[in-house]
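The following pair of complexes shares a single chain, chain A, combined with chain B in the former and chain C in the latter.
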Partner chain A sequence: MANTYTLIASSTVGAGGASNIEFTSIPSTYTDLKLVTSLRMSSSGQWYTLKFNNSTSTYSDRYLLGSGSSAASGIDGGQPALAGSAEDSTYTANTFANSENYIPNYTSSNYKSYSGDGVQENNATASYMAFWANLWSTTSAITSIKIEAQGGVNFVQYSTAYLYGISNS
Partner chain B sequence: MPTKLIINCETGEQTEVELTAEEIAQREADAKAYEAELKAKEAEAAAKAEAKAELLAKLGITAEEAALLLS
Partner chain C sequence: MAAGSTYTPIATTTLGSNQASVTFSGISGSYTDLIIWTNAANTAGNAAIKVQVGNSSIDTGSNYSTTYLYGNGSTATSGRTTSATSMIAARTASTLTANGYITLQNYSNTTTYKTMLSRGNAANEMAVAYVGLWRSTSAINIITLTDENANNFISGSTFTLYGIAAA
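Then we have the complex of A and B:
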């Protein structure tokens, strides 16, 4: 059986926290990328963004979310756009939000569509889960991915990110 | 000093790098913008709730009765 699902790299945040996590020099040898995260923030907030090749333009998005008491849909419109969940610092201690992002055809010269799903964990009514359908309207191959918490806050110790390469053969 | 994590996928090396003054300034701007956005959303929600309450009072019905009318 072909080895089509390969861990490219992983990261665990240390004691001092980190303002962002960036995977650089991503090899172009795979068909798709998959990012798996477990994140908690140092301040109140819900989401993270994905920045490709350090670009701050041409991102668009649609989302569906549930807050624990209501549902909503819409457009974030941020540059870069929201793409996944990070745990709010006020939620149950030592819990982390889980998310996945799928980035197909990341070396293609077409625009890059990517998707995300994320959930938070909280021993209370408020706890967000969401889906994202995003587009980065750029023809360059993706060579780096930066994960940043919304609102300029840190990721706390033991937050993790895993980047996998998926091959179609 | 705030730091960022950089993982080189070719070498597997993970380095912790201090943010530059420019990056710190950007983060502070992002935090302020996010706070302003949250406040704007809260104000919008409060204004909507107030308008709803005023309308219900004007009609002389409760929120439950209004929901029943719309069902």
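Then we have the complex of A and C:
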């Protein structure tokens, strides 16, 4: 049977941490991309961005956020925009936030819409789950993805990211 | 997830012209769950996608309900539709800048009503999550997707149905 859900690449952060996780030379042979992350920050901060082809423009977003006590919505507006969760360094030790990003039709000549679903957990009053609706208004095929922590801090050791290719045939 | 037969493309449609609906029929009951990914637009702008299902024919009765939670960039809002003639799911825009997924769990069993989970993403409008119900114990083997406001999906819209097997 056809292999339609294929691991393209993975990365595990080593001792000393890393300022980003990057997947380059992404093949164009799939229909969609799916990114699965398990991340924790070296300092305070809760989110990550996705930078495509090292571009720092034409990103837009809307997000929906639950804190454990209330729900809120907003627009990040960053270039690139927030797209997933990374565990705050002050949250419960040994806990990593999980997120998934889905990028349909990543090689098309249309603008690239993508989604993010992220959760953190924290043995305290507040912890966050969030949904993102994202758009990169560029017609180029996506050939690289860089995951960067909010505020330029590092991801800690044992943070992981997996990039899958999904084919529709 | 292991690669291969656990995430199998069943059918895919890329519209070559504007079209009112997309139907997946003759769906095999050999999977555990179904998931549809959409990257679709319509002629009138932001909207949800209506999801109707059935066994051999689409159920157009008032047997569906949906609960939704969305954020539009300033506020978070939740609501419900009950005794409706469809579930609502995913999200579209006036151009191909929105996407979403629709999952149907245990779609082929004949003892329980069928549940749906969905997410919709339109960066110009909202991020939204849905849970839906079809009040029928019939196995699902046909699914029809239409625009929430009865507008056409535009050319280039893509809809892909995958089967997910538990083993």
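By our rule, the second predicted complex is superposed on the first by the 169 of 169 C-alpha atoms of A that agree within 3 Å, B and C clash if a C-alpha of one lies under 4 Å from a C-alpha of the other, contacts with A are read in each partner's own complex, and residues count from 1 in each chain.
Criterion: a contact is a pair of C-beta atoms (placed from the backbone, for glycine too) under 8 Å apart; a residue touches a chain by one contact, two chains touch by 3 or more.
Just so it is clear, the model here is predicted, and its values are computed rather than measured.
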Partners on chain A (chain B, chain C) - clash or fit: fit
First (chain B), second (chain C), both or neither touched by A:68: neither
Touching partner for A:163 - first (chain B), second (chain C), both, neither: first
Vertex chain A angle, Cα centres of chain C and chain B, expressed to the nearest 10 degrees: 110
Chain B versus chain C as contact partner of A:9, first or second or both or neither: first
Partner chain(s) touched by A:114 [first = chain B, second = chain C, both, neither]: second
Touched partner set for A:151, first chain B, second chain C, both or neither: first
Superposed model, chain A: greater residue contact from chain B or chain C: C
Contacts of A:45 with chain B and chain C, given as first, second, both or neither: first
Nearest Cα pair across chain B and chain C, whole Å: 15
Footprint overlap on chain A, comparing chain B with chain C: none
Sites on chain C touched by chain A in the complex: 1, 3-9, 12, 37-39, 69-76, 78, 91, 95-101, 119-129, 156, 158, 160, 162
Residues of chain A that touch chain C when the two form their complex: 1-7, 31-32, 60-66, 71-75, 102, 104-105, 108, 110-111, 113-115, 117, 131-135, 137, 166-169
Residue ranges of chain A touching chain B (in the complex, touch as defined): 8-11, 13-14, 16-27, 45, 150-154, 163
Chain B residues within the chain A interface of the complex: 2-12, 14, 16, 19, 23, 26-31, 34-35
